[in-house]
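Both complexes below contain chain A, partnered by chain B and then by chain C.
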Partner chain A sequence: MRRPAELRAQAREAAGFTAAVLRALAGDRFLWRLAWRNVWRNGRRAVIVATAVAVGIAGVVLSMAINFGMILQMIETAISTDLGHVQVHARGFQDDPGLDRLLGDGGRGGIEALEGLAEVRAWAPRLRSEGLLSSARASAGVRVLAVDPAREARITSLAGSIVAGEYLDGARRRLLMGEALAERLHVEVGAKVVLSATDARGDLAGEAFRVAGLFRTASLELDRSTVYVRLDEGQRLFQVGDTISELVVVARSREAVPRLKAALRERMGGDVEVQSWGELAPVLEYFVEIFEQMAWIVYAAVFIAMAFGIANVLLMAVFERTREIGVVRALGMSGPRVVGMVALESVLLTLVGLVAGFALTGLGLVLLRDGIDLSPWAQGLNIMGVGATIVPVVRLADFTTPSVVAVLTALLAGLWPAVRAARARPAEALRHV
Partner chain B sequence: MAILEAREVHKVYDTRGVRTRALDGVDLALAEGEFAVLHGPSGCGKTTLLNLLGALDEPSEGRVLLEGRDLAALSAGERAELRLRKLGFVFQAYNLIPVFTARENVEFVMELQGVPPGERKERSDGILGEVGLAELADKRPLEMSGGQQQRVAVARAIVGRPRVVLADEPTANLDSATAGQLLELMEELNREHGTTFLFSTHDPMVIAKARRRIRLRDGRVVADEREGGA
Partner chain C sequence: MPLELRLAWRNVWRNPRRTGLTVAATVFAVVLVVFFVAMAAGLHEKMIEDSVRLHSGHLTLSGPGYFANRTLAQHVRLDAPLRGLLEETPGVRGWAPRVIGFGLLSRETDAQGVALMGVDPEREPSVSSLADRLTRGSFVSRERPHGIVLGERLARNLGARIGDELFLYSQAYSLETAADLYRVIGVMKLPDVTLDRSLALVSLADAQEFFVYGDRVSEVAVLAEDADAAPGLAAALQRRDPAVEIHIWSELMPELVQFIFIDDAGMYILLVILVVVVAFGILNTILMSVLERTRELGVLLALGLRPRAVFRLVYLESLLLAGAGLALGLAVGIPLVLWFQGHPILLGERMAEAYELFGMEPLMTWKLKPLNPIGSAITILGVAAAAALYPALKASRGRPVDALRSL
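So, the complex of A and B:
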């Protein structure tokens, strides 16, 4: 076993060597020039490796962009069809969303708190409960959302999702339901349905409505299970007076949500729950986290393959140039400089691949700017809350992270051949044919 | 005082258990300004001795001293530094860096020595002019003849102002006219700059030009003659 003093000495030596390599790289334009020209000595080989790196990088960045675009769409769909950015409820509502945990006085406290907040783009009150919707031929359990139609239209995409009939207007006893639910109940626009529910007093209540319109959103779950009625009619059906279940707030941007939430919490105190979309639907945030983790797995797979490719090419290049390396060693080139030269060749080759890869990515993004049409899988995507067209979304980190990882990988991949080259004794290297 | 000295130097190569004795107790001292040649039949140890004197290899036994410093006591890095500052090499196969032009090949040594760019340019232009290649300064080795390449190699060997130039069969790949011109060039450099030259060669023309002839046989010095005396 090696003694600690020996290990320390070796560590010092390795650190000194690394510092010498870095010094050589930093202050030696000749070394850069030599490495760059060496890269192109065997042009075909360089092009093959650079192409492999380029395709790998473009594949990684584009697949990340498509995946992120899908997740972002899922989040945006959830936000724009139902969640909004922030919701305000009475304390305990999220754990037990019953009619006994409502915001009194039409949510006035919350509405006052919203006034003057720069982050707020729109808000709407909702009463939320459950019921049974029956047609002449079938019935289904439904989520009932009683909304202020005008305000709801400003916070969700509901009004724009109507595919048959009309959005809620002043007419009494009208409701909206998803196209999927209508199919299940065998009803069409204008049909009569009965909504039954247990009201706040625990009595069974029921009321007849006509189907005003059918909607189709990117969320099949919403389309299958939700009906919208006017807020005042919901309040009457459920016997809750002027109370509401929630205030749904849409911020000016997703980035403004934490500020908005904090401001509302400060203004409204502890009697209410103020939650962001991520807290209301944690699964969406998990998706983002899982995506981030998956990205590293993809990076690892691509870059490990790339590292072997580069190391292989450089080993070959170093072997072919054994004699030449012997010559530069004979002329007085130090070991760290030789390491720097070969490692630099690896990095430069990768940088060429990176530039080509980003050009390829750019081309891919231009070609896919209108999105990827996944209509054949639309139903499956709808279950996940994603539309049939996915637009890739690329972030700066999608370029910077793989670039940094690729350069580090190239450096590591280049080190083995580089150290081999530096270790060769000049006299032996010069004898190499 | 000798610039370069071999004291009781032995070299044994061990190739997969087969031991070959290349040098068998060589004593040799090279003084400043000498124009000397190592000669002898193939396999007599010329290149091995040149490699040991040039700090490119280590002896199995004995010592090699450059300006009185024992090379065995130096680290690989220190030996590289010594080669850079004190020694110049000319090889049989020219061994220029193919991706560099003639000027860049010459500047390369100065770059390693840390000579500033302006001075590098000036000195490389000067030396390329001296070896008669000013017009080919921007050509790469593959665009030059063997003789021209060897001239660049000589320019590269001396531009760093070494104390000793070690040349291993420098004329072996050249026709006799080109070899003659190259020898004249090196003789002139020896005369004008005082650079010490030590050749290993089979070439009678080189042997004839040398002012000191060291004959090796079976890894030993069997004759050491100087011009105008023994």
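So, the complex of A and C:
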């Protein structure tokens, strides 16, 4: 069996050649100057290829930025309207939420654990259950959130989402509901509604409330089926004493969440569940993952399309210069240096396009800095929990990934023409017109 | 074959390598466009079909005002003329009457607000897939009065098992209190999280008794041949019965229509970018071939060929180039999509959860619509035509004297 040995020898040879190419590129500034001049030999052609690369890159980076802006907004909306960064519940609450799994004593154990943690920006207690809300004309099943109005205002955007009436204050028996729910029940601010629910002892309880205000958020689910009442009134309605369902905590930043979660877990022990937003709504994290996979597919597709164009131009350039390359070979320029020169030409050409593309991207980002207004399609966005204005968001990776892929594409596309050029036998090439 | 076409065809193949690369780039773009458009079409059709079959139907008939108010006060009587209308109108694949109200369902200390839907056990499967979604127990039936079927999450939140007795409380049609006991006979797994948490089914007769509703129903859901046939069927039904209120799926689920629009917009933007990148390749190839032939084109002009003919010649070349790429691309792309159409891909667990959020089965499907390849063809040829303008103008504008003097 000579095959493996042959393959090994070939691989060694290829590695040796590559090293020689790299050595040639590293040690010779003249080669760089030559490649740069070759790029601009046919200016029109170079500009067309660079434009194709620039348009492709700017288009892809901007579309991805808009997409990512949408996903970030979805996460931020979920966190700022409802989830918070970390939630603390009694053990087993997530599997079976009910009035029999509550944090006793107003969640004092949890609150004490929170005090003094540097990562905590704000926290709020909530009691949550289900109920039936009836107006004079209709009724609907609702999720009831009993909150401390002042604290809730610090952890969610609820207070800022009021579009009619007022936020909860000291007045008794007031509730907030989504605008969409109010429409369905045909009620307005000030109307009387009856909230019926089963209390902790299993008895049916009902109480009349007045609509204090209506809210509109980017979450259709919240707007359609959630009402907010004051914590003490919720505790009385559900007959749960001073217990609560959850403590919602907002961290100083999203990056501090893992540390905050770990610290809370350590301080509070095993009787409670401490979960981050990603654990409470795993789907949000999948979206980021799916987005990242999709971005690679898109980059790959556009760059492959670009590669054809780059290879084509390089190939033409090499053919035009068959005679010239023959001359430099005859004058003693080594194979690795010729390959290095052509590959470098390909990379430089692509980099020109890349830089122009990033300039275009920057221009686009400046133009779109106030966001794109998609209000005609607001409902479609709201089912995803996204508001009507989308601000593109770019990350460092949006520039590094296309740069790396562009250089790789240029190298691959330049390889064939480069090797062709290096293989030319000087005698034949010189005979070529 | 006319002379110009023959000339153009030969010019295209003058440099086979260059032409090959350009055609390959076009083929690549065409295949991607056909593939992704079909993937989106498959996804969207599936979203519509799943939502329609989940419960809404392709269209609903209801009493005036039900769509805007959705309360028991708006109703339609399921009498002989209405039954006749549904039985006799061609294009009705299935219909099912429903009573829809809200209630509070409780068991011991757990309580949940529910959407209570009374369904006709015989008719319901002709429209919705609710009966197929049963994971335990049995569906509502005439034989088992006061039986209730719950969504899985609803059952879990209530801690209810098959055979448990639940207390249902609501407001009747007369606005008096309605309350009764029901026994859990089945649990169904619904792909829509909100529905799974809130939908409870009882038989139509039970619901009419509970809400003191007589022979009234809230709506009749109708299944048409497919989503595209819904508007036509709605118009036909409306002609026969002007009094009844009819809404088709796009009105019942406007957010779905908007979602599809946004999703499509995002995809088309990316595909246009791809096609533009390929168009620059075509532009470059044609331009190079024109510049190489400056002298030759100068000779043609000097011999008396009109500039317009030279323009046509170069233009034909780029259309041939794009056409070749398009034909090959469609020849690869269409069978590829047709194969995927017959072999949907089951998604992994994580993707599946994201799909469930939108109430969809976790299947990736493809659907080739006739407009898809036609649209791709028009786009590619249009962009190629635009890209060829510059080289063609350049070729026809040259002065023969200058051209002959050049190398």
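Just so we're on the same page, the second predicted complex is superposed on the first by the 431 of 433 C-alpha atoms of A that agree within 3 Å, B and C clash if a C-alpha of one lies under 4 Å from a C-alpha of the other, contacts with A are read in each partner's own complex, and residues count from 1 in each chain.
The criterion applied here is as follows: a residue touches a chain if its C-beta (ideal position, glycine included) is under 8 Å from a C-beta of that chain, and two chains touch if they have at least 3 such contacts.
Remember, predicted model here, so these are calculated numbers, not experimental data.
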- Message: Just to be sure I read the superposition right, which of the two partners does A:Val60 touch: chain B = first, chain C = second, or both, or neither?
- Response: second
- Message: Per the contact definition in the header, classify A:Arg41: touching chain B only (first), chain C only (second), both, or neither.
- Response: first
- Item | Comparison of chain B and chain C by chain A residues contacted | C
- Message: So in the superposed three-chain picture, is A:Val327 touching just chain B, just chain C, both, or none of them (first/second/both/neither)?
- Response: first
- Query: Where does A:Gly109 make contact in the superposed view: on chain B (first), on chain C (second), on both, or on neither?
  - Reply: neither
- Query: Between chain B (first) and chain C (second), which, if any, makes contact with A:Gly335: first, second, both or neither?
  - Reply: first
- Message: Contacts for A:Gly278 in the overlay, against chain B (first) and chain C (second): which applies, first, second, both or neither?
- Response: neither
- Task: Answer with first, second, both or neither: which of chain B and chain C does A:Val298 touch in the superposed model?
- Result: second
- Along chain C, where are the residues that touch chain A in the complex? 17-18, 21-22, 24-25, 28-29, 32, 69-73, 101-104, 106, 108-115, 156-157, 159, 167, 169-171, 175, 194, 198, 254-262, 266, 269-270, 272-274, 276-278, 280-281, 283-285, 287-288, 350-351, 353-354, 357-358
- Given the complex with chain A, which residues does chain B contribute to the contact? 51, 54, 56-57, 76-77, 80-85, 87, 89, 91, 95, 97-100, 104, 107-109, 111-113, 156, 160
- Item | Residue numbers on chain A that touch chain C, as the complex places them | 44-45, 48-49, 51-53, 55-56, 59-60, 63, 66-67, 95-100, 129-134, 136-143, 184, 186, 196-202, 204, 220-221, 225, 282-283, 286-287, 289-290, 298, 301-302, 304-306, 308-309, 311-313, 315-316, 374, 376-384
- Query: Which of the residues in chain A come into contact with chain B in the complex?
  - Reply: 28, 30, 33-34, 37-38, 41, 323-324, 327-335, 337, 425-428, 430
